[in-house]
Structure formats: C-alpha cells, structure tokens
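As structure tokens, here come the structures.
Same chain, two partners: chain A is paired with chain B first, then with chain C.
Moving on, here comes the complex of A and B:
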C-alpha cells in the first residue's frame, strides 16, 4: 500500500534528484566554486593533493554531522543534541578505553549502541509524547552535558587507544597524495550510503513526512517511525563524527561545543528548508564543504579566528533570505511545467 | 482573532479545568513545599532571609530575559540571540559609563537604543526577508559573538558605584533588581491583556495567516515583539553590569537563550505560539530559581542540576502537550473544526506556513486519521 500511494511522489523525487545532477543544486556548489577560486588566488598550494587530503580530514566530521542533521531537518524536526553527543561520546571512549588497544572494538560498538539509544529517546519523546523537537533535543543536550561530567567528575579522564585514533588521523600511504586519510574513505562510504538511502523508499517517505505530515500519514506512512528513525540516524552519524573528531583532535572538555549550530548552518546553507520537505542531502553535504572551505579561506587570509562566528551568522541569514526570495518570487502559474521547474530549483 | 477571543474567555474555562498558568504556580508551591521539607530535614530553613534573597536574586536576571522571550514565543517566533545581547549590552553599559556617575543615564540610554536596534533588525529580517526566526536570531547571535570575540578579550569598562546599587540594594528580603523585574512583568501582563498590540500578538501566534486576513499588520506585531524581547535582554545586560561592576563578553557562555526558552515553556506558553503569558513565565523562572537554590543548599553536584533541568523541561512540555491534545480533541468533537484544530498544531517551524492546508470542502471527522485516533483514545 505504501508503495502504490507514494509512487507519484516517488517519481517526482526521482526527477528532482535527476535535475540535481544536471546543475539544479547550483547555488551552494556555485558558492563553493567561488570560494575555491578565491583560495586559489590567495594560496595555490592548497590544491596540491596533500593539502587537499588534510582538508578532507578536517571537513569529514562536519559532513557526517550535516548528513545526520539533514535527515532530521528534512523530516520537519531539529536536532540540537548532536554537539553534546559528540562531546559525550569522545569522553565515554576515553574513559572506557583508557589506553588499552584490546578494548577499542567493544567500546566502538558500545558507542554506536549508545548513539542509537540517544536518537531513539529523542525520536520517541518527539513523536509519541508530542514534545517539540527543539525542546526534546535541548533537554537531551543538557542531560548529556551534565551526565557525562557527573560521570567523569568534571574533567575527561582516561585516554584513547592508538587504534581508535587511526580513523581520525591515520591513512593509507600512497605515492601521489602522500597519504589517503581513513576519514576520506569513511566519508565516501557514508556519502554514498546517504544518497542511496534518500533514493530508497524510506528517503522519499522522509521527505514526504517533512513536506506534509498529514498527507504522508493518510498515504500510509508511519510518521512516528519515519521521524524516530531520522533521529536515530542523526545520533549515529554524530557518533561516527565523534570517532573522527576524537582521533583527530584528542580529548578535551570543550570537544563538540557549538557543533550542532555548525551542522544546522551547513544544512541550511545547502538549501534545505527548516520545517522540512525541501532540499537534498547532496546540498547539505555541499553546505558543509562550503562552510569549511570558507573557514579555510579565512585562515589563508590570516583573519582572526574570532571572526568565524560572525561570518557564519551573516552566511546563514543570507542563505535563507536568498532561498526565501526564490520561493516567494511570483512564477508563471499558468505554465505548470515552468512553475514546477522553478520550484524544484529552489529546493536544491 | 479566535485566539484573542480565547484569551478573554480564559476565566470561564478555568472553572472546569486548571489553566496552564495556575498549573505552573501549583507546581511551584508543590516544589516549594517538598523543598522546604527536604531542606528542613537537613536542619536548615528554606525560607530564611538568606535563602529567600538567593532565590529572588537568581530569578531576576533570567526573569528579564524570559519576559522578553515570552513576547517572541507568543508570536510563534523565538530569540536565540538574547544571551549575546546580554553580553554585548553589559559591555556597552560598562564602557559608556566609564566609572563616572554622571554618565549613568547615557549608558542606560545607549544600551536601550542598541538593544532595540538589534530587535528591530531581527524583526525586519524575519518579516521582510522572510527568514525563519530560528535562523535569523541564531545568525544574529553568531554575528554579535564574532564581534565580541574580536573586540573584547576580557572584561572591559567600569560601572560607577551608584549604578552598582541596582545589583545589590535590597528592600527587606526583596532585591531591587527583582522588584524592577516584577514591575516590568506586571507592565508586560497589562500590555498583553489590555493593549491592542498585545491582543494582536496572541492572534499572530495562533495563526499568522488568519490574523493577516483579519486586518492585523502581522509584520509590525512581530517586529514589536522582537524589539521588546531585545529591550528586556538589554535590561538584563544592565543588571549584569551592575552586579559585576564591569562588562563581560563571557556572559554568553551561560546559554541564557536556552534557559529563557526553557523558563517560558515551563511557564505554559506554547512554543507554537498563541497561548500563554508572562505570569506563567515568571512561575517558570521561579521554579528554576527555587531548584537552583535548593540544590545549592543540599550541595547537589552542579552537573546533576543540568541533567535534572533537562529532564524537567522535557517532562513539563510532554505534560502540556498531553493536555493540549485533550483539549483539541474536545474542541473537534463539539465545534467540528477538525481542520482548524489540526492546522494550528502543525509544527512546520516557520512562520510562513507556505504549504496549503487541508481543503475545507472535505472536513476530516475527528478520530478518522491514524494520527487522530491515537489522540482520541486519550480522553
């Protein structure tokens, strides 16, 4: 029944996805290209393979978080708990592994289970208890923040094992790029998986749910299951981001702080509309790449890092204002094909 | 418009059902009673002057911010920039006053003007550029944060002793700052209950499109709410400056924006707008302040406070959501406006509501949809 009623919507989503590769997602990737051009004027060595690989290493966690946040946002909700979840996971890993190599795999599995549990709780409270996701995940953020510090007594203890740190900082030695980072490999796997997921029937149901919850419910979608799964996916992605960040940057008390807003900025910059139903996962990834590229540009220009938040603020407002302008612009309503075309363009 | 009618009918409804505001204060008194017993078992008195002063002092700062946040949330908006506005205005106050008593007025005026301008900018971006309030105020907060981080590395400025009295003077057990906060709360309640713009805020929060069609200039109402919100945050900044004796940019680390939203929601104001009020918000602020004081007396681990606060906020909203569902189900059955009731409950996040509602020609009977049967089963 689900398949029959969602087929039409599925077709639309498929054509939209087709257009995306044809240049529909323009805006964010055009911006990315522009930033890359500026970077190439400032410092041309940035485009040599080794430094590109270093960039991939730094951008990978943000892309993972943006993918996770995309699932939640496109279903019409919001996840503010990912930042403190990343912090919690890194601290948990350090405390449980405590420098012993043999514990790496069990602790990794435990972390994934913990991430899924956090997402499940977020999702069930939001969908079944009808608490707005802003409040649910805000509460979860406070709970995680407090619980982890309560458990460790204020400051993170223990140490990560060398094997645990490999995904974040290590790689395969290759001739041209000097080192192919594991982070890039992991990133590619998740990017492909996310695109595949959004093309599957689940992805289409997810977008339909965010677009119009009632219509999706009447079409046979189990709205609460779809949304809960989105929260679980978000938390699991945050867990993998935590593994990369922990490996790359090590354990500090501040790890993860503010990441939820960076992820939301990236997703929104990628043309995904807060409130759900519009935008593509590729756009969200593009948003993450663009944001990190911009920070790289600031570094190249030797701007103080303190200016980053201000730039992030201007970008996020400008991006959404630009998208809103596209959406509210009057289109030729007599020409259905044309109006549909411009609508799908604004979604990308 | 239906929302403002609701407001005027509230006394009638509370005869058969406890309103959210009453519920907040019942909860507050219950918490006070339980705390008094717990604290009493440890051999101290919760209502000693010292503890009362502690509670009320804690409540004043968050109170200012939460009153402002109430205006924004009532209009189905929210303001994530208030924490940064507090930090910015504390610095402006301290650097403008520069330790001289005759510059106090100048400092206060500068703070109020700048915070009003920030609110105006928020409101204009939301209404004219049609940017989601969450994004607007998050972006505005980040912009202010960037400015603060670049411009001020540490505390700056000097607040004259006369102005520091605002932070420390007490009338009996009532701190002056709390008294000012309560005066502003009363003014805010009167504004919402008696003024035209106040009524319009409920209407816009309930359903912006219906409000617009009823002839309300929704943009102006939204801008007013955001200006008032930022003004209240500016007053909180003045209080911080008076207490610290200097301006500090690190105040934003206290996450007042999230605390204030929590207090407002705890106070029974719907995050989706259109229902609630400042009295409830004050109740929410007092609950948080009482809990903080009691935890301090009982020497609870400060991190446990965060855990408990998170749980309380979620639990409170879950309880309100349950009550809200009951009420909506009842309204469906008797008034037959299933589409309207469901539409108001949709959480599409944005104030725009761009997607078309369910066609009115085919009203959905209560209990026919999958989502609705679940709700109907509750009553």
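Moving on, here comes the complex of A and C:
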C-alpha cells in the first residue's frame, strides 16, 4: 500500500514539475489554447456563443468516449470496440423504437443494459481468460460490426423517436447563446461524475492497477474486478455517446465508424500513457476538446476532411513517442527513493 | 514492466492502424458511393485525355480552382449521358427495368436453352449499403417469379463483401463448377475484375454484368442506368434553375476516387462553372450524418448557404437539420430517392429534387438471363432510364412506398413482385 501511495505521490510531483511541457494534462490545454488562438485569427465568429454551443454539441460524444476510454487505458488495457458499439447501439435504437415515442425510455434502458453487458464480456474475457484486451476488444469490434450487419441485412431500418433525439439535438432556448444544448448539460454531469470517480478510492485503485498490477494486487486490490469495471464504464459511456450521436444526426449506415480511433487519439493526446498508470481524466477530456478543435481548425482552413485519419495517426504516434521519451528520462532526485526503486525494478 | 509497456504501446499503435483500415471512413464509407457507382466503366473503352475531348466554353467560364479533378472528366461521355436523358427509351413505360435507351440489339440464339429449370448464378460485390440491400431484395423476388414459372431452377449466389480477391475466386468457382446456365456479375471494381469476367466469358456461359462495369465487352449484355454525369447534372441544373445568380452552394461528397461519384461531381462542376452560382467549396463526409451536420453547421457559422449539392442522398436529412438547428432558412437541395430524404422534403416543403440512380436495375439481369435462354435479343449495352423525382411526382412515390423503411429507395421498382411489401419492410 505504501508503495502505491508513494508512487502516486511521485507522479504528482512529476506532473507538477513539468505541467506544461511534461506531456501531462497541462500540455494539452496549452495546445487547446493555441488552436483556439489560431481559430480566432482565421474566423472570429467561431467564438460567438451560438457557434460555441454548436461546438459543444459535436464535441460532447467524443468527450464521453474519451472518458470511457481513459478508464480502460489508465488501468493498463485498451478498448477498440467502442466505435462499433456506438454504431450498434444507434442501429438497435432505431430498429426497436421504430418511431414510437412511447418506446423511448424502455429502449434507452435496454441500450444501457446492452452496453454494460458488452463491457462485462470484454472485461471478463480480458481479466479471467487472460486474453489481451487488444485482441478481446478487436474481436468485439468485429463481432458487433458483423452482428449488426447480419441482423439488419446490411442497412439500418426503423427510425428514432423525437424524444430520443432531444438529448443530442435539442436544448433549452435562451437569449445570447440561442440554445443551451442538452448535450452540454449531460456532458457537464458526466465530467463532474468522472472527476469524482477518479478521486474516489476506486479511481486510485484503477491508476495503481495500471501502474503496477502486482503491487496493486499485493496491496489488496482485486485487479480483475477493477479492470472489468473499467471496461463496463467504457461501454456504458459509449452507449451515452451513442444516444448523443444518434440524437445529433439520426441514423446512417456509417454511424460510429472510426470513433474508437478518435477516442484513443484524444486520450493519448491528453497525456494519458498507453500501458496505464499515468494521466488524468481531465487530460483525456482536454484531449477530446483539442482533437475536435483541431478538426474545426482544419475545416476553417478549408482542408479536406479526408485529412483527419492521417492527422489522427500522426497525433497518436507523436503522443506515444513523446510519453515514451518522458519516461526514459532519468528520474528526478526530488522523488522519493521508493518510487525510483519500483521504477527501476520495473525496467528490468 | 517498462519494456512490456513499450511493447503494448507499439502493439496498440499497430492495432489502431489495423482498426483504422478495417473500420475507418476511407474503406467503408466508400460503399455507399461505390455501390451507387457503376456506369462510367462502360465507357472506359473510349476514355480520352480530356484535353483532346474539346473543352467548351462552359469550362473556361468556370472557376479554375474548381476544375482540379479533370482526370475524371471525359467530355464525350458527359455529353452523351446528358443527351441520353432526353431520349425516349424503348420498351414498356410501366416497366422501366425492361426499357433500354438507344439499344444495340445483340443475337443470343447460341445460348438458347431447350428446357426450363436453368441454374442462374450471381456473383455479388456486396450488400454493404442500403442501396445494394434494397436492390438485392428486389432481385431475389424477381428470381422467385421465374422459379415459379419454371424458367429458373436453382439460384446460386456468392457475396464477395467488397473484396476483389474474394469475388475473383467466387467467379472462378462458378466457372469450375461448370453448371451455371447464366452468370450475373455485379463487379466490385472495374480493372481488377476484368480478367475474371473475361475468363467467365471464355468458359462459354452467357455473362451478364450490371451496375459497375468492366473493361471488356465480352459479356452478352452490360446493364446500367445512364450514369454519374447525368446524376450530377440533374442535381446541379436544379440548383442553377432554382437559385438566384450569386447564391452560395455547398457541395457534400462522400469520398474521393470512386469513378461514378467523381463523375457526378465533375458534371456538377461543369454546370456550376457555367452558372452565376458561387460554389463555397466541397467537403468529404463519408456519408456519415454526424460529420455532414457538423460540416454544414460550420459553413453556416461562417456565412450564408443557399444551396446544397450532394453526390448521394446518404445523410441529406442531417444536412437539412443543420439549417433547422441553427435557425437558418432551408436551402435548395439535391438529395436522392432515399425515403428519409423524400419524407423530410414532403414534411418541410423545401425546394428540392431527388436525382435517381435507378435501383430497379437489379431486376434487369434476371430478365436478361431469361431472355437469353429464350434466344431473344438483348441490348449489348442495356442503358436503363434514370429520371429524377421532382416535386410533381414526389407524393406519388411516397404514397407507393408509404410503409417502407426510411433507408429504402423510392424507385426500387418491385411493387408488382411477390412478397411486396413485406420482404422490403422486414429486411
């Protein structure tokens, strides 16, 4: 237990030292600020309240996905199935609701249950059957993708109800901002909940598990439970993201495609280390905001949207390389000896 | 531990790349367009460098920045397709899938089959988008008609799931089996599938190609609607006719590099270039509603958008909603005969047109196979009519498709087939 606490204290010291350039959450917010400044030169109307609200609507699902992905990544795993899950959930919702307002709530509950089930399966296969999460969730991605195609015969059918579309599309009419989107309200709730969760003992155990699985286990954490919960959280967040995306734009056959990639890019951009144990949920959220702002900037600069996958690829490699460079630095002498000890042991 | 982390990170990066390949836009998003796309390949034979194709005034009048995709523009094909729109097709008016524009009849007596119960084989590129799904259902129902009448015995199908190699091996399997009495091929891509189609022809079986084409004319008939230039022109001309000079038009495209989609856009550029309209730009959306809505919203933040040109109807409702949600007036819009768009059009009463890439073409290959077995003549290139749905006949088509799902295509042409409407509803 002491080991874990001290390691965490070491982490805190490090992030405090290099908050801006250390590849932690500070860096991503500096980057976000920079992108905003550039956008303001290109097109100042972006910062008018209605435009910002529109931006909030678009970015909300990505932030939710990034939060979910953060739980999994910080625990030392990876979840590739979220994009397919979003697609599957929207298609399921459209098919089951089929335009009937009265079915909205039952279908929503069913979606959450389905999301939790998918996360549970991902988690249990990874932790109990010891299949690498990369393979588990890659498999789940394909299974969901294929199953939805099979079930719908290749194309989504049915329609979403107006009520279902409200969270992603509607809002409260206000002066100044024109409309306060529900998506923003929902986003704030989840952001606060995620921060609270990471401050709770569960959050601390989650990070400890990702940092050093064995140490966490010795200090009494049930690693498989902690990780499985992270997968469930990720899938449930993906479900809420699906509600927002489906609400925002309705059903198309392409919905959800490539979102796992965007979510992972956002998380690593936020300074969260692939492999677990390092990074903050606020950083992951910042990563999502930054990624979406970057895409907005691309749009404002009239770059073709086909550049996005390439940009994501560059970001993910650069962020991982940056984080690797950070970690290969000699450990600062101000850090507690124990932390350094565990660090060097884990290197060998 | 650290080593394993680095490994994990590396593995993650590889997996990401893989997952990007398997699920990211470029591949999958290609489908809607792909599928809708076919025609131009028929013309591959007369492809000329466009400089020779005689650049007209319209071209010069246009904004040069908009003409960078000239590789995709063959003026002779463009003009022929535009002219074909005005040609009265031969054949029964109430059965457009049997009509042919300017047909060049070819003799098929060598393939005439004495007995019924023929085996029909079909190598399908994929059913990976709503347009193909709709057509595939129609085709199966058409086959049922001829199974009941005894013309077709067995109907064998292979689905290549958009994989060229898979389809080449599918076709080879049909050839090797040697018991297909006719082989229908809906090619996945043009150049790659050409040798496979050639091999099928050489085996002596009558080959019918439809939708996308191949670079050979060995098949008995090649079936396709007029084509991409006509589609793009229908949409662009409507915007030109219905917008004031100087109005701003935004073009939403699915993805680059697919011939038919490029032809749609090339035709639109040609027409916009000669008009007074101001083309704000074009955006690739992958046909994804969320991206479309986001892009349109951003354009609206920067200024007015008076018209929307789309190279396929996927996600057109999301584009319209972007105007609603930002409190802007509806644009003049060219969508497609997809029902979600047509219903939105009726609901809102906006000024719109639905260009059509005739989905009923999925019936024609089956009809052609039966004609060939009967020794009847078929057109060597079977150009089907391709008429946009306008406000005048919109409600009629919506009534006919009232119970159909929203990702169904109005001109699917299967109303008289067995199983209507249930099989199209429960897909």
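Odds and ends about this structure:
The working rule: the second predicted complex is superposed on the first by the 307 of 348 C-alpha atoms of A that agree within 3 Å, B and C clash if a C-alpha of one lies under 4 Å from a C-alpha of the other, contacts with A are read in each partner's own complex, and residues count from 1 in each chain.
Heads up, the rule we're going with is that contacts are C-beta pairs under 8 Å (C-beta built on N, C-alpha and C of every residue); 3 or more make two chains touch, one makes a residue touch a chain.
Bear in mind the structure is a predicted one, so any value in this text is a computation, not a measurement.
Looking at the shared chain after the overlay, A:140 reaches chain B, while chain C stays out of its contact range. Contact with chain C, but none with chain B, is seen for A:296 once the two complexes are overlaid on the shared chain.
In the superposition on chain A, contact of A:223 is made with chain B only, not with chain C.
After overlaying the two complexes on the shared chain, residue contacts for A:274 are found with chain B and with chain C alike. By the document's definition of touching, both partners, chain B and chain C, reach A:324. In the superposition on chain A, A:111 makes contact with neither chain B nor chain C. Contact with chain B, but none with chain C, is seen for A:131 once the two complexes are overlaid on the shared chain. In the superposition on chain A, A:198 makes contact with neither chain B nor chain C.
In the overlay built on the shared chain, the residue A:264 is in contact with chain B and with chain C.
Judged by the document's definition of touching, chain A residues 76, 78, 132, 134, 138, 141-142, 145, 149, 154, 212, 261, 264, 273-276, 304, 306, 308-309, 312-313, 316-317, 320, 324, 327 lie at the interface with chain B and also at the interface with chain C.
Interface residues of chain B, counted against chain A in their complex, comprise 78, 125, 129-132, 134-136, 138-147, 149-150, 258, 261-262, 265, 271-272, 301, 303-311, 313-314, 317-318, 321-322, 324-325, 342, 346-350, 354-355, 358, 369-371.
Residues of chain A touching chain C in their complex: 43, 45-46, 48, 50-51, 54, 58, 61, 76, 78, 80, 83-84, 132, 134, 138, 141-142, 145, 149, 152-159, 169, 178-179, 212, 245, 248-255, 257-258, 260-261, 264, 273-276, 296, 299-300, 302, 304-306, 308-309, 312-313, 316-317, 320, 324, 327, 345-347. Only residues 76, 78, 125, 129-136, 138-143, 145-147, 149-150, 154, 211-214, 217-218, 223, 261, 264, 268, 273-277, 304, 306-317, 320-321, 324-325, 327-328 of chain A touch chain B when the two sit together in their complex. Listing the residues of chain C that touch chain A in their complex gives 1-6, 8-9, 11-13, 15-20, 22-26, 28-29, 31-32, 127-130, 132-134, 255-256, 281, 283-295, 297-298, 301-302, 314-315, 317-318, 321, 325-327, 340, 405-407, 427.
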